[in-house]
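Which chain is which? They are A, B, C, D, E, F, G, H, I, J, K and L, in the order written, and residues in each are numbered from 1.
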Amino acid sequence: MRIAVISGPNLNLLGLREPDIYGSDTLDQIEKRLQGVAAELGVHLDTFQSNGEGGLIDYIQESAQRIDGFLINAGGLTHTSVSLRDALVAVGRPFVEVHLSNPAAREPFRHVSLLTDRALGVVTGFGAESYVLGLRGLVARLNASDLPRGS
Amino acid sequence: MRIAVISGPNLNLLGLREPDIYGSDTLDQIEKRLQGVAAELGVHLDTFQSNGEGGLIDYIQESAQRIDGFLINAGGLTHTSVSLRDALVAVGRPFVEVHLSNPAAREPFRHVSLLTDRALGVVTGFGAESYVLGLRGLVARLNASDLPRGS
Amino acid sequence: MRIAVISGPNLNLLGLREPDIYGSDTLDQIEKRLQGVAAELGVHLDTFQSNGEGGLIDYIQESAQRIDGFLINAGGLTHTSVSLRDALVAVGRPFVEVHLSNPAAREPFRHVSLLTDRALGVVTGFGAESYVLGLRGLVARLNASDLPRGS
Amino acid sequence: MRIAVISGPNLNLLGLREPDIYGSDTLDQIEKRLQGVAAELGVHLDTFQSNGEGGLIDYIQESAQRIDGFLINAGGLTHTSVSLRDALVAVGRPFVEVHLSNPAAREPFRHVSLLTDRALGVVTGFGAESYVLGLRGLVARLNASDLPRGS
Amino acid sequence: MRIAVISGPNLNLLGLREPDIYGSDTLDQIEKRLQGVAAELGVHLDTFQSNGEGGLIDYIQESAQRIDGFLINAGGLTHTSVSLRDALVAVGRPFVEVHLSNPAAREPFRHVSLLTDRALGVVTGFGAESYVLGLRGLVARLNASDLPRGS
Amino acid sequence: MRIAVISGPNLNLLGLREPDIYGSDTLDQIEKRLQGVAAELGVHLDTFQSNGEGGLIDYIQESAQRIDGFLINAGGLTHTSVSLRDALVAVGRPFVEVHLSNPAAREPFRHVSLLTDRALGVVTGFGAESYVLGLRGLVARLNASDLPRGS
Amino acid sequence: MRIAVISGPNLNLLGLREPDIYGSDTLDQIEKRLQGVAAELGVHLDTFQSNGEGGLIDYIQESAQRIDGFLINAGGLTHTSVSLRDALVAVGRPFVEVHLSNPAAREPFRHVSLLTDRALGVVTGFGAESYVLGLRGLVARLNASDLPRGS
Amino acid sequence: MRIAVISGPNLNLLGLREPDIYGSDTLDQIEKRLQGVAAELGVHLDTFQSNGEGGLIDYIQESAQRIDGFLINAGGLTHTSVSLRDALVAVGRPFVEVHLSNPAAREPFRHVSLLTDRALGVVTGFGAESYVLGLRGLVARLNASDLPRGS
Amino acid sequence: MRIAVISGPNLNLLGLREPDIYGSDTLDQIEKRLQGVAAELGVHLDTFQSNGEGGLIDYIQESAQRIDGFLINAGGLTHTSVSLRDALVAVGRPFVEVHLSNPAAREPFRHVSLLTDRALGVVTGFGAESYVLGLRGLVARLNASDLPRGS
Amino acid sequence: MRIAVISGPNLNLLGLREPDIYGSDTLDQIEKRLQGVAAELGVHLDTFQSNGEGGLIDYIQESAQRIDGFLINAGGLTHTSVSLRDALVAVGRPFVEVHLSNPAAREPFRHVSLLTDRALGVVTGFGAESYVLGLRGLVARLNASDLPRGS
Amino acid sequence: MRIAVISGPNLNLLGLREPDIYGSDTLDQIEKRLQGVAAELGVHLDTFQSNGEGGLIDYIQESAQRIDGFLINAGGLTHTSVSLRDALVAVGRPFVEVHLSNPAAREPFRHVSLLTDRALGVVTGFGAESYVLGLRGLVARLNASDLPRGS
Amino acid sequence: MRIAVISGPNLNLLGLREPDIYGSDTLDQIEKRLQGVAAELGVHLDTFQSNGEGGLIDYIQESAQRIDGFLINAGGLTHTSVSLRDALVAVGRPFVEVHLSNPAAREPFRHVSLLTDRALGVVTGFGAESYVLGLRGLVARLNASDLPRGS
């Protein structure tokens, strides 16, 4: 089983950016920790980060053939990108949406996600732990025999 | 460390009710599985279910003295009960909100939660696994030294 | 065939309360009249009234095993209770919604019902007669061979 | 006592049109059945159908002198015709609104009726039975001594 | 100079219908009074009433060639008919909108008119006098040399 | 009979200000013309203009004792002043609202009037002629025996 | 194959009415040109125009038996007629919606169509060419083997 | 004269709960202070608190026979309970609504009260003093000869 | 301690204006009664009334230096004046908002106050008694040691 | 004459992605078919696809000098990109908007297009045929002598 | 060239009022600094402040004859005064809108300005520097030969 | 001190694009003029333009280390990009927002900016002069000792 972990705009600044909101772990540290959990769960992990909507869509399209599911934190694009949603739905792979902070406790324009209603599951508000829990949840669902693939 | 797991209206029907949405596990089975995870994590677990808003608030008030955090699936009250929110905030204990299904993929009146903006974190859409991931996340946050208690 | 007639908050005040809006029949008188109609139609009738959302949900859950359909006037909970709706849908029994008055002719917050889109049918505005017509309609639908049970 | 049964646009297609929504009875069959119920109740029945708003208003105006109440299924005009509402209110006869399907379970533009707040009562969702129940309710109200005529 | 006075649905009931709102003059009496004012002003008057949107549009189209302006009370179609508006704009004749009652003091759905923003002027709330004032205003504007015809 | 003609903010600029919208008559010329019509109708006319909400309210209060009705063009305050509305209602004199232009054809914030639903009648869009028609309508209504004074 | 071309209110004024918006072709000229395209495509063409909603619905109902699809420009009824939509859906024939102008560039009340979500396809903004393109698209879809008839 | 003082969900936590918002007085201390004021005013006082909507409605119904008015702080139910409002209106006793904090300065969902438009008066924002002022106001109004009982 | 009692537009008409809404006390009588209560409480009272927003702001600015708090009934400006709110906040003195009637039971535009969220407390619906209760509440809060001055 | 055919995000997946919505033609096949139609019409065709908003804008800017019009399917950016709209308007070339599916029959966020009100025309819902019809319409309009270039 | 600098309600409190929002400069100091900049730019400067809408409109009307443009900070009236906007538009002089703070970062009712869409330009958020920058911008635009006067 | 001047999508077309809205200066000419003003103010200036959201975010992230503030015209992304806002906030440098035109006078979707509430200040509507004024304002604020860095 192979999972792609996708991080959207500004997540390369993690650890530097507003630590009271996002915590002090860098994206590199989070991805290392995820590799450890993945090893424990027996799955392979690809990781990708980009600040551009187009680059993220390109990656989703080309990686979809070789992976079984996505773990995605789309950053600010969560709330604005119909095209990112379209890409995830189009390639027919289940995905889990994660956020470090709790969007519902922030500005109103963060209260709506264009991804959630097509996601397998969502984890928010646990800082870097959101990635870990999301990965566990995604793998658990992929291992379940009755998974509605591509929903 | 002690955690209270609270389930709101109709969750006593789990396993019987709309299995295509909520899965086939009963609440009893889920709570047993949670006890296993709790043992692994070294925490005590209290569980409570009620179909009444008043009973849930009574329980939150009286249990708050002896527990360190709540794991709560408020069912339909998630979207309608200011009083439940008030109770959780009033007793000053962190809480994690979980849902078996993905509310964002259902009727519009389920798209708003009166609890989320005060929750430590949220896990939705993984079926019974949402409870497990939520418990792991809550304990991780309680073990972190910089936890903003009562936020 | 067995039908449960459920009355929500304040309907125990019928006959006393705002007779210009609700008429002068007491709930007891209405239920007696319904028993007469039920006898005529050859069905058994259980009746229940509570001022509490939790008590109503408890009753719906425990009575569902032995009845074939619900006739419900949820009173003020009609407009506010997602949990009551969830209970009716969860137990998988058809239900008919009735109101004594015409909610559309009253305050704006009474113009939306959280039950209607899942109801088999609705009868409003005929005073106590709404219960009678609703019972007739429910039994007619239950006797029809093509009834979509649990819709 | 004399009642006019009015059916609006496309109801002449009943039995042909979307039988999963509207049932397989033709309007002719429904009106025959209503005549039977009317005979049982001792009232006379006029029936009228038109696809045009103007024709319906003409009929309401000219029939009002000789009838005691209307039973009306205004079809799609329910949601769009202020003029039809004006006609019903202007002629000062009580009316009951019926629908075969449950508008609240269909498209959002069917969730608002321009007639309801001036209707004596409403019956929806019972298929052809909605007409029968509506007729019974209307006659019961007309026979009641305290009927607020013209409300 | 020739003016067409157009009255929409239910205005043929004037004098009979809700006299506390619309007054006790019949449409015939109002038109007679208007003929008197027209004679005083030296203009010819055509009058037309219909309960149907289509008939009103037909009349507007065919009368437009021979008249210089419209005085129109569109009744309930004021709030719902884009097609009537289109007809008035299409034929390129100025029109004045009148209402007997004050729509702003009635139901919310009467607070929006689809005609007003293309009207030369509007007169509301004076009962039958609204027609008279509207006719005076229309003729005054048509006699003014700088009239923006067809606006 | 005595009428007070009240003009609100910026109407002292009439004839100078945006003549394509408001026409080329000055307020002084309009008031002279109104005096002529008043003489013809046998009524006395007081006139008042102010750019200040407070001054307008003061005038309404002190003039109310000696006049029988108001003819008012409240200018921009039409859309923003609850206090002006309160003054007109408080002193218990009928009033007619006039506008030179057609507010419905202008910016959205001009589409709502805080005065209209309490006005006896409204005349808009005829330029200076709106004042004349409004005066005629007000006097006609005051002369009618069944005038609901103070409504 | 037989197609019915339906034109709604005011389209009989084409060529006369607001040529800067709708172009200078008359409806007669457009229909002649459509007959030419139909001949080229090997299909028969019926044409119908009415200013009345009722007449259009009558025509849709009676023509549906002998035609394979509709090409419809509903004019102002596009935005207001639930009944017209109901008729098109009820008779179970695919339809294509066309407009000469671009409704999205006009008044807000033209931005919503009650037909579009049930149409096979939509063509707007090309003047008379919209009809031609719509006819070509409709025939192409009807000739495709996998056409979802009646959707 | 006898007054019932009713406190809704979570008010039993007063003094413990968020003292910066609600003050440090316990509900017991507030009720003792109210008893003192009641003695001074010569009225009897019953007090009741419950976390459940149903229990509050039961109490309102059964106490209504023996009391002259209610002083109520409905807590979070203020914003969500149509049934509580119905109970207060149904029993026909005047009531005064009080809040310790100022709801208008808090979350948007606290800006609407379902009780206020039927209350005799409202007092908010004075901490425990709100209860005292509300009691004084209620007694003053009950002592006034022109009190519209049951409004 | 010194308090300024401020009354906005039209409150000089009290006792004359709509007595069924506002009671029969004149502003002069209310202020006399307030002076009595002030004497009892040992505070000085300044009073001011104006129909103009500018005059009220001028008074707030110049009186602020010598007073400890405001008791204000802003009349119609309550719902429309950002500038009045700005003045009260700018001078840094606590204020209590009072209304004679219950704005929530009146027109929708009275349901929003631009002052409330910055007020120390609010009293509405008790007629002239609202002023008395508001004064008592203001003095109580000013005497409390922990008063957040200027909040 | 030269036309640029632009396809936005995820359209490179055509034929693979959700064939029940978008059909089974690949973008390559569609472009080949368009080249055939272009040859028939005697125009040159450039084609471009990108998943990135920036790349699409770059292409519009640099191609605008050498082409006469755009045929554009902006995919998900249709609903979210003000910048794409700005680019199309800025370069002053007419454009036609096409969609394979019918956006009005899909999620609400697809019901608004930021391009339509500036488009020459729109074709939706015909699958790959939408491109063909759009190209025919664009060329017809460009060949018409009265084309408002750049509108 | 002559410029009028207008300051609305409460700006006479600058330096005293909420210095963390508005800075510590008094209006007098700001105007002195503006006179220095004006001297540098070779223009004359008139200054005016009032707390009353009426006074501000009077000043705009009477000063308009002798000045070339306005620099205006309308304070709280920015968000509420249609009449002030009307005055600025009516006198036909260009104006620049300035604010010391950033309204978009404050309460929602400050997010809409009734002046902006008619302003030449806007400067917000720089404290007293907003006035200076606004003056420079206004003079630069007035010196530009292609200034659209009065827009 | 070093400032980065950032221009978003389509601003490379300045001088070519809609000169009646944006003026005839090219971006190159504006940047040259800004360099002159920067030299006068003693600050260094970096400039950057891109049509892509991703590229702009990349630049903001990498330039933030070496600059003291941003002067940004985000073009169409102003209204749609949460990610751009996140980037500016994340790097902790103050920024000033400028626009050549006045967005409030254009389409409704330009009336909301996702940047403004986090900006130090805003300058709009002065054409190329907006950049100059914005630069002056930014430098003035950076030179002030009490600048709230990173706000």
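Rule of thumb we're sticking to: a residue touches a chain if its C-beta (ideal position, glycine included) is under 8 Å from a C-beta of that chain, and two chains touch if they have at least 3 such contacts.
Please read these numbers as outputs of a predicted model, since none were measured by experiment.
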Least step count from chain F to chain J, where 1 means the two chains touch: 3
Lowest number of touching-chain links that must be crossed from chain E to chain K: 2
Superposition rotation for chain C onto chain K, Cα-based, multiple of 5°: 180
Inter-centroid spacing, chain L versus chain K (mean Cα positions, whole Å): 23
Separation of chain A from chain D, taking each centre as the mean of its C-alpha atoms, in whole Å: 54
Chain H-chain J separation of Cα centroids, rounded to whole Å: 63
Distance from the mean Cα position of chain I to that of chain F, given in whole angstrom: 31
Of all residues in chain F, the ones touching two or more other chains: 52-55, 80
Pairs of chains satisfying the touch condition: A-B, A-J, A-L, B-C, B-H, C-D, C-H, D-E, D-G, E-F, E-G, F-I, F-K, G-J, H-I, I-K, J-L, K-L
Complex interface listing, chain E residues touching chain G: 52-55, 57-58, 61, 80-87, 89-91, 114
Residues of chain L defined as touching chain J within the complex: 8-10, 12-13, 16-18, 50-55, 75-80, 109-110
Chain L-facing residues of chain K, complex: 102, 104-105, 113, 116-126, 129-130, 133, 136-137, 140-141
